[in-house]
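What follows is a set of structures to go through.
Paired with chain B in one complex and with chain C in the other, chain A is shared by the two complexes that follow.
Coming up: the complex of A and B.
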């Protein structure tokens, strides 16, 4: 029983992290129809950014969130303005944007190798090892903080998308861009903003991961793949669906430990991905374009 | 007085394919002008050129005397130009109300959005009833109302409608045409593309017939409906 509660708590905490990673990927694909393969690279960059801010400037990783989010937002907007804007979109542009963004990822990764070497790093704070008693099990303060942030982030995202002029415009651009132009929405500006927001979410996810896991410049590839699984499971663009899908993935992965040898548990997510693609290609909850 | 809208010898292309050849057209303030022609003649393309979605490669479009060449498409609704596109082109996964509110996204119209929303609801009470529904769940006629309502939210002075009666029952066609006449009576200038020639010539004052991207005929509605060629070619009389 104790082990069960333990695993359940881990799963929920992990789900928060997965969801945060996936929102950015899903948002960018939903609005721009571009698969952002650089997502993993930005997750890695977010981790190093937090590490540098903590290590050389002594900024607490949680206090550095606004800065990391802002910097990744800027990075995303720059990536869109300089590169992605010029690519063909949709089905025709698939290979071009995949290759280009994969290239961006390689560049980010190699810059990290140059600057930080390939050694594993981690963000260690005074409270890194502290834990609280929740439901009779010890939960690290770090993981709880990550969970809270992972719950607040989608709430803010949902608030932005539902109740602001810009958010409504983002959802509308995902559904019909020409009609947006007709009512005075600068569609290119919305694309830039969306790419910025999606990238900021990746940066945030990287920073949060760095407070829990160790990382090196190769960090982010597993995270990208898990983001894919969550986005496909959750159906595109539904914030709630993404959250639920992240929970499903985390629960299945964590509880697989009980029945599978540990080297197989990371394959569970991909088996799920294949099953969902075969049986429910619109995601677990049907197809919704940022509705 | 300079006309409200002057389309001056425009050439428009889709890729390498030329669709409009030196097409010219005028709409004066307070008029209803209808643009007629068979499928593929270039009616929709003309409206897309004016709205900026498909800028001309040659020629010029002037609105109240000002060339639109350097006015981006997204800035044209602030000048008072609105288009109700062919096939409605709503945002299906947004609610009716969100669709309408986004119609007032432009700087000029945003402050008066609440007032205009009331006006649209007064014009189309059905939309008020369905405001929380997703636009994609509306019937064809309701979607057309929503599309017209969205265009009205930007407080246009020139309203362009692209085949508003397409796919509607005769009863609804009459209702849409009545709405067009009402909007005109309230002072709006209207450029109407319509395949239902008879209906269009009933509400319009002038018409322009285009054929394969060129102007074929221009005249008053009375002249056009009396023209034997038009009667034979488009009215089947």
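Coming up: the complex of A and C.
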């Protein structure tokens, strides 16, 4: 029983991390139909931003969340205005956007190599290795904080999408951008804001990851892959689905250790991805909350 | 006087003409320098260590050139090093090595860094019959391919596991550790990890029941969560926690290890433990008494000898810095090649290969002698040095005894708290 509780707690905490990483990717795809390959690069940039703010200015990583989110939001808006908006819309823009955003990722990575070298870095605070006793099992304070943020983030996102003018406009554009143009919605502005919000969420994920893992300029590729799995499992464009899919993935990966060698547990997620794409291409939950 | 027959006269004249023509050519073919080629991962994932290897190679070349050049036969020749960036990728490492041999016409090759790059790149040396000396590929499988031109100054990772177990055995025999002791063996699923596991497992198998492996688990690189794995370790109630991990996984795993309230009488992450980056990321109090095994430590330079000479040379060029094993092994690889060239007395690749095969050189590596045993694929077998992090922020060498600079602490006092 104790082992089961340990694994369950571990799965829930891991789900928090996966969800945080995937929200931004899901949102951008849901509205713009663009697979943001620069997501991994922004996660890496968010980690470095938090590290610089902590190391140079002594700002606690959790207190630096507003600043990192704001800066990432600005980076996302700039990326959209300068680069992404010039891409052709619809299916024709698919390969072009993949190439463009992959290029952005490479640029971000190499800028980080230039600025910070390839050394591994980590954010260490007084509570980095502190834990709380929950249900008889030790729970890392950092991972608990990430879980709380992972729960609060979709709630705030849902509030924004459902109860604000901008949110309603985002949902409307996600459904039919042409109709929105006809009724006077500034679609380009909505796209810019959405890309900014998605990028801000990636920056937040990077900052939170940096409180748990060490990182270098190559950081973000594994995170991008996991985000893909979560977003596809949850149904492309579904914010709540993303959260639930993160939990499903984490539970499967963590409990797989009971029957599989540890090194194979992370492959379980990819097997699930293939199965879902074959049998439920719309994702486990089959509908889009945004749409 | 009888005249020589005309055909003979013509033949002699032709020979004389050939001799006249070939004399300047022979003079031009005489080497004016020793041209070495190498690629290193100066950008990309391995850029940090690639930079360290560059320092080691350059130091060795500068040293020999400052002494007037390398003794080759009766002459001293300057050494030139053509160094290219392989961007940490296998394909580039192979194609650039091919360019160095066939386009730049280097005489010999020095190796790049990281086992997977060396495994791929060393085929170029073998195919072109060019001696290839490296200090960055520790995986034993690289040396099990029957290559004749590949030489490694870096001891196999298997020996790391063996050396750690030898230290543990000393502690157990002194009554500081339980007998039998239960081990959790946790290793990354790479050639590095597999070699580490083999070193530990072989020792345990020959220990006559002094040790049992209760947990034997591998994990994928760059893990995001070790909670389930550590839960298994916790449930097994082991005495010794022996892991093999690269730096990022060491930091992630040990953070979770500490947060989970785990403590074992011996804790090791293989080659990881004493790095400044890890101590900064984890906190000194959390890494105290962690053991690590490394190929070389600057502490070996506390006694007179090649290690001390190297430390002085390094600090002469880089004041305020301590060399790490990366620079030391790169430097030693170049030195081994220089020694073989001097002994061969020529730049003939086959002659130099033979000299490398039979080389026995005074070395800065633990044990003090470098050789490339042919029966082990020309991979050096120098022992590792075991270091232990102590609360006074030092990490003295605690094993082997002839290299020790401090006294070991066992069992882990943190567990008593």
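Simple rule for what comes next: the second predicted complex is superposed on the first by the 289 of 291 C-alpha atoms of A that agree within 3 Å, B and C clash if a C-alpha of one lies under 4 Å from a C-alpha of the other, contacts with A are read in each partner's own complex, and residues count from 1 in each chain.
Just so it is clear, a contact is a pair of C-beta atoms (placed from the backbone, for glycine too) under 8 Å apart; a residue touches a chain by one contact, two chains touch by 3 or more.
The shown structure was predicted, so the numbers you read here are calculated from the model rather than taken from an experiment.
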item	value
First, second, both or neither for A:179, with chain B first and chain C second	first
Touching partner for A:86 - first (chain B), second (chain C), both, neither	neither
First (chain B), second (chain C), both or neither touched by A:222	second
First, second, both or neither for A:118, with chain B first and chain C second	second
Touched partner set for A:187, first chain B, second chain C, both or neither	first
Partner chain(s) touched by A:168 [first = chain B, second = chain C, both, neither]	first
Which partner reaches more residues of chain A (counting touched residues only), chain B or chain C	C
Interface residues, chain C side, partner chain A - complex	43-48, 189, 217-220, 222-225, 227-229, 231-232, 234-235, 247-248, 251-252, 255-256, 258-261, 277, 280-283, 286
Residue numbers on chain A that touch chain C, as the complex places them	3, 6-7, 9-10, 13-14, 17, 110, 113, 117-122, 124, 128-131, 138-143, 212-216, 218, 222, 226, 250, 253-255, 257, 261-267
Contact footprint of chain A on chain B as seen in their complex	51-53, 72-78, 82-83, 85, 89-94, 98, 101-107, 109-110, 134, 150-151, 153-154
Of chain A, residues touching chain B in the complex	165, 168-169, 171-172, 175-176, 178-187, 288-291
